[in-house]
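Next come two complexes built around chain A: one with chain B, the other with chain C.
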Partner chain A sequence: MNAANSQLRTLLPRESLLWIFAAQLAVLLPQFAHLPLWLVGAWCLAVYWRLEVFRGRREMPGRLVKSIAVLLAIAGLALTYRRWFALEPMVALLAVSFTLKNIELVSRRDALLSLMLAYFLAATLFVFEQTIPYALYGILCTVIITAALAAQQGRASARPQRALSMSAKLLAQAVPVMVLLFVVMPRLGPLWAVPQNGASATTGISDSMSPGEFSQLSKSAKPALRIAFDGAVPPPEQRYWRGLVYTHFDGRRWSEPGVSDGFSHWSRGRSRLQRGAESEEQPLPAVGPRYRYRVIQEATHSPWLFAMARPNSKTRGVRETPDDTLVYKMPVANRLAYEVRSWPRESISGQDELTSWERRRNLQLPPAGNPHARQWAEKQIARGLQPEQISGELLDLFHQGFTYTLRPPVLGADSVDEFLFGTRQGFCEHFASSYVFTMRAAGVPARVVAGYQGGEWVEQEEYLLVRQYDAHAWAEIWLTERGWVRVDPTAAVSPERIRDGLQSAAADEFMEDSLLPLHKIGFVSRLRLQWDMINYRWYQTVVSFDSERQQGVLQRLLGEISPLRLAVFMAAPIILALVVLLIWLNISSRGPRLPAASRQYLRFCRRMARAGLARNPGETPGEFAHRVARELPRLGPMAAHITAAYEKAAYAGDPAAEKQLRRLVRSFWPMRIIR
Partner chain B sequence: MNVQSSAKGNRWWQSSRLQERGQRWLSRRLPPAQSVTLDHRKLFILPTGAGLAFLLVIALLWLLGTNYENNLVFALAFLLVGLFIIMPVHTFANLAGLQLQRLDVEPVFAGDYGQVKVRVAKTGKRHHERVRLSWPPEEGATFDLVDSAGDRGEVRIGMPLVQRGRVMAPRIRVDSRFPLGLFQCWSWVDLNVEFLVYPQPKSAGPLPIGATVGEGEQQQQLATGGDDFAGLKRYQPGDSLRHVAWKQYASGRDLNSKEYVTGSDTRLWLDWDLLAGRDVETRLSNLCAWVLEAERAQVPYGLRIPGHTLGPGLGTAHKQKILGLLALFPVQGVSR
Partner chain C sequence: MQKIISAIVADIGKVLLGKEHQVKLALACLLARGHLLIEDLPGMGKTTLAHALAQVLGLSYNRVQFTSDMLPADILGVSIFERDSGQFRFHEGPVFSQLLLADEINRSSPKTQSALLEAMEERQVSIDGETRQLPEPFFVIATQNPLQQSGTFVLPESQLDRFLMRISLGYPTREAERALFQGVDPRVQLAQLKPRINIEGLKKLQSLVRQVKASDSLLDYLERLVQHSRQSPECAVGLSPRGALALLHAARAWALIHGRGHLLPEDLQAVLPSVAGHRLQSDGVDGSQLVERMVHQVDIIAA
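Up next is the complex of A and B:
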């Protein structure tokens, strides 16, 4: 066996190549969206080259060409991605190794390597998205890759229909094991920090608020949060999902210094230990009214989470901030579920005092601008009004002659003044912004809170669906004795926005830019809600199945979780499956079933053999009966009877004889008779 | 037993004692028989290199799923685990129930491939795909028994044979990696294959027609000194120098003189003694070549070797008889 011969033997046939390329295409296709264009081109080129080699029109690339290709690929990656420690470059690296492998795809071993890589690349798809369509596509990819693996076995296995059906059959058989392992296998949690999906900006609340931003959000019907309650569900006017607090105002834009960079935000959060110490000084009531809920948040690519006031979360990686909001340890790159308990503000005794730093932070105003608003505030102070009264005056002002609209006029440099004393038309951010500005001007610590308000209650699945157009901005002011108090200036103008949501508050303007006014068609809305429910169910049962839920499920299945029970739970199905399989193997390895009479006669022969007289091959039943009579005379008559009955049953097809044969054989125990 | 595959080299697990033990164990478990039906007692199964790579991929996927806390990645990893778990069952089922039956073993010349025909048949309804029969390190033959190919088939496999005589073939390896190549299921069956290996034909010049007399005068040479070359004999002082086989002497052989005889016998005797001065194997090879040539030329021929004399004749049966005698000529031979 020389080298040339072995190479010839393992040279990949056409079907193998085509299957490998099909598998690669399947896994790369959705990734092409993330991948740079040159990589897509390179992959196509590599495939083309390899096929040309197969046709004999071109040589396999030499070492020089390969080295150049590797260098070019590395250079390309380096130029495309500045940051290496991120998800996209890693996926690109995998795609590059695919591509480079293609130009030296020679042996079976190369083919296998390429397909193993394909499995891995298919999995990275899920790191980007965990939605149902992606899951379905992932299944498709797996079927194709497995079919490609089967196709490497030979020409007969490589026929598309056969390869695919075999792959699907095998995978279907693997599903029970998958389900079992999915439920039982412990989830360890991240072993080391991994790069996260830093995908492009998505719609959602950003780290700052300037006029017009929220009206943009109101055009999107995408789900933002899904909230399931354990126990009481808060009434609509209490459904304020706080996300971010803005304390800094530069005259136009509200923002929170340091918030855009998730890490520092996170480190400002209180760790669990610190929280323990703090809860001593300001205890949260162990009993009493509170809401318990589980929030499933869509990917936002920012670290802040959404919860009602006074949140407390035990979910790993979630912390509370001093601003009473929740943050995640990293930007939320995928759907995230977290458990929250919130105490309505009324049930907690207020904080005594604001630290001076906090006070300064919440009174900050730009040095100049908006003179009318400042004047108005000073006038109120001069009148000797208390903070609550000033707030009341301001809300009264809003109540008189202000309009809530999705299409507010454009504002100039002194946006607060222009809004308060000019246009008087605005969306929630205008009201919140001007309210906080004026309150601060009046010496009352105040801040803008951004988040979502309201949500659609989904009756069948019992969860609250909050969409992007539920994005809202409101205010909080600091009152001595009472602490931070929520004030929603929008409610003063348009109470229906708070009670019934945006759609009824601005019915004419709602979603009017959308291509098709789908929200107006009841059927489509219902369909959309159905789809959301399926998504919710999917997310609840599959995507967010964490160690906590795992424990719950196991507890329900096993009663209590002990190693013994777990072992039995794991082993029982496997043993059962093996037994079934063995039986199946046994049955399917048997030849065609013999007629009943023959089976009975063979039974007789077996018993005779045990008694020491086996029927010779080729010996007719008659001859055998004679031989039995000769050698074991005591069995002779019985053997003759059985033989006669057999011959009658088998050759004359006599059912009575068959019955008789059965009876005779059943009672035929030669060993006993001999003894 | 002539185990040819042991020529691969001795690694520790191939040490002769271990191998001997293994062979003993195998022959207890898989006794030689002309027909063998593969079942769970006869089949072995282990993951292949590809299977191990597959496990590695699963491990990597598990890491990916753990680090990203991504349940879909977990699901994929577990699906592949399931695939891996059911795979040996399928690979096993692909071989179980396969019946192998030795058909004819054709005689062969040393230096050629000995071939055996094996009938492969289903015993149940299950298909057998991508099954390979081989004598490692030979490639062997791969076959499928599926619906289109029918219930049975014939497969021909071969191995190189170098020694003449009766050669017991080593066990045949039956293996398959169907359906995904992640597991390999195999067996070593002994179908009692015995090759009759004829000596390797080596030409010894033209046929010695009329070189020796016929029956009854076996040992008596015709008068030497004629025109017809009869063969070589060891040089003895007194032989004509013109008759010395200088060419052979130059090529390192002993000093021989050519013998010429006169008078011709139309009957051809392939005589051991015509090839005096060569070693046993060479003589056998030369005789073998002559047999073939005589058969080709359709000249009736007889054989005279120590211990056997076979009258002249023609035809396949005659040829095979003579070649069989040559093949089974004792290795130690007789003294010249």
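Up next is the complex of A and C:
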């Protein structure tokens, strides 16, 4: 046992082990963020044990220890995740097996197995992140793993520089194949779908709105949406990206019941059923002013999508809700791209009636609280004003003496009253909330809409970048003749917020809390936009290259997709590359061009070879001529002439001899003379 | 000129029967202003060759038999106080001659060897702070015995490199040996040899060697030979630039001996074993075998 072990120990040299550990570290490093902490410890322990074995201080673990390690690891996974069929536990399982392999890393075969696993684990990184930095890191991982593979060959090739350059060379050679496969390889759907962990924190707009929530968002400059238009572009004041509709108010919080409790049972499905017949009666008009655009949404971990009213999307998994918003079939855990067509509401004539259920929903108010606001509303009704006039009165009120600020004073229990008749300082959510409350109190169906407003053009209007601080809340009221009408109370107070965005509306308070006021430096802002541009292109060209776009590209390249054409398309570049390589090798091995006399003499030699007498490499022309005279006496005199002329031309520098040589060789046909 | 050269070769051939090739090589070496190392067993005619060359070329000739207790002063000379004049007077050693035969050079200590080899390279001697020019021309023909290496000091590679050529004479052919038995005693013949050329003539010949034309094609071939010696896995050490230059010079002298004003590949091939044999090294294989393989492998015309 001991002798066998010590013999085994010599099988994997030190460099080989270190390379494997380096590759493992490179692969696991970004995964450590997702993996449980004990797994990191386990990896360190396994590596330590293996190194101790190498130093001869410890034996390779026996079967018992290994079994215990496996049991512990599985128990650890079970305790950490409590469920098996999700993505994280699967990746963790892979990482665990990868880690445990270290304690039985004995032979060359084990080393190769571990490194192959490393490739696989490196690929799982892209399950979580698909951005450029991670892609670059993925390439780095591949370089290191390949270098580790190259280093397994032995001492000399294990030197870091050599192994890495070897690896880089190999990968560089593989790039054309990679590009080809990227374009041609069929995109297979997953064999089974593993749900991703839904527990990760949601970002962006949440399922409820309470005072202070949007001012949190206003501190983040992270991108939320990127919107590229195909054709007409809506004017800035129309750029309201609707995400969620809040109808329920509990006195403090606006929310939408049933939105947050999961993607599978979406409680408003019921209302959709009710309206199902109506929407078939009133399909969206086929023509008319509409906007076509493609939205790329960052991961939000919530199912709602963002679009202008009234949206329609043909992207798979996206459907419309009765509230004229879009939802995805599951929470958006990765960047998602979807195509949208929007019809402005004004363009759709003949709105349907509000059902009584909907009416109740949009008039709901808490039984008590905010008496002043209710009073104000009743006063307006008593004056006999129409809903539109009431709205106008309210906006007028906002217009007088209200200020738009990112740091509104804290509000107490009757938040609407305090805001309307007390502090009069607020953010979009305050305006939207109090507006909807008051309108409802006045008997007008109203609701709060949350989403994003505005956006910033990037790179000559290639796409519109909407950031988290563009988050906005506004209101919609139901007017009998016109249907749902958007009213933005913020616009009454601070029109520049709508026109120019938050940055100019609240210049002093904007992004005040950030450590460095980078947004104030124009150069940095431009750099950020540039970076966003690169990210956008990356997503457009690489990440979102799905089977549909693949078909498109192939169709454009090939005209028609048939197996034969595909085969030709794949083989042609390879054959072309090989031919070029062949030609290049031929040219590069030929060396400098020979002088004319030597070329003539070589012609003579070739003809002699065909006649059955080849010159040996080290045979001088003189010796060759002697041999010719000896073995083929009939050719002797001619060969002697040619040789003499060649020697004169090539070695004595006689130009006349060169001409003579050419003449002699031209008329020299040994085959004829022999016959 | 050509007549003189053939007369020289013929004259030496009378003394050293059947060794025309070696005689020509030795002559080429001297014409190329190089020194010659003859490696052979005793009694093969090394001394005879040296002596005959000196006689025919009309050079002053000295012979030193190297022994292990020899000191540099024994070769270079020594200053001795003379009571008559009350001064030190320099007594020139045997090195002050036009042709020096250093017999069994590997018997002496490295110190003595290096003193001689320095004189060979610099063509001058520095003693007591005074530099003395050696006579012009100055040739050294050294011999060494390849067998019985006990008690000898093998010449290191750097010293071997000082010799333009290393040749060995080898046993004579049957006919040559029969002629030797039947003919006049070579020693008598040697004494009868008359100089065929004077110093001026010799210098003229040496300058003619430098005028032998080497064409581009030939230099390409030379380059390929040198590169092959450096890149071939067989050779541990390739030809140095000095070695390559020596090859070119020797080949020129060879071409001149054969009455040509330009170099042919044959000339390079003819002198290559003698010039490169002692400069190339390899594990276990003799340099001359390497050269032979090299000649067969390197193409004369194309790469």
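Following the convention adopted for this analysis, the second predicted complex is superposed on the first by the 518 of 675 C-alpha atoms of A that agree within 3 Å, B and C clash if a C-alpha of one lies under 4 Å from a C-alpha of the other, contacts with A are read in each partner's own complex, and residues count from 1 in each chain.
As a working rule, contacts are C-beta pairs under 8 Å (C-beta built on N, C-alpha and C of every residue); 3 or more make two chains touch, one makes a residue touch a chain.
For clarity, every value in this text was computed on a predicted model and none was experimentally measured.
In the overlay built on the shared chain, the residue A:I583 is in contact with neither chain B nor chain C. By the touch criterion defined above, A:P621 reaches chain C but does not reach chain B.
With both structures placed on the common chain, the touch criterion links A:A656 to neither chain B nor chain C. Legend: residue contacts after superposition of the two complexes on their common chain; A:L29 is shown touching neither chain B nor chain C.
Shared-chain residue A:L112: touches chain B; no touch with chain C. Of the two partner chains placed around the shared chain by superposition, neither chain B nor chain C is touched by A:I575. In the superposed model, A:A135 lies in contact with chain B only, and not with chain C. Within the superposed three-chain model, A:Y601 lies in touch with chain C and out of touch with chain B [touch as defined at top]. Chain A is touched at more residues by one of its partners, and among chain B and chain C that partner is B.
Judged by the touch definition given at the top, the superposed model places A:G154 against chain B, while chain C stays out of reach.
Applying the stated touch rule to the two superposed structures, the overlap between the chain B and chain C interfaces on chain A comprises residues 591. Contacts from chain C toward chain A in the complex involve residues 213, 215-218, 261-266, 269, 295-303.
Every residue of chain A that touches chain B in the complex is listed here, in rising order: 1, 9, 109, 112-113, 116, 119-120, 122-124, 126-127, 130, 134-135, 138, 142, 146, 149-150, 152-154, 156-157, 166, 170-171, 173-178, 181-182, 185, 187-192, 194, 334, 542-546, 574, 581, 585, 588-591. For chain A in complex with chain C, the touching residues are 591, 594-595, 597-598, 601-602, 605, 616-623, 647, 650-653. Residues 39, 49-50, 53-54, 56-57, 60-61, 63-83, 85-87, 89-90, 92-93, 96-97, 123-126, 129-130, 137, 139, 142, 144, 146, 177-182 of chain B are the ones touching chain A in the complex.
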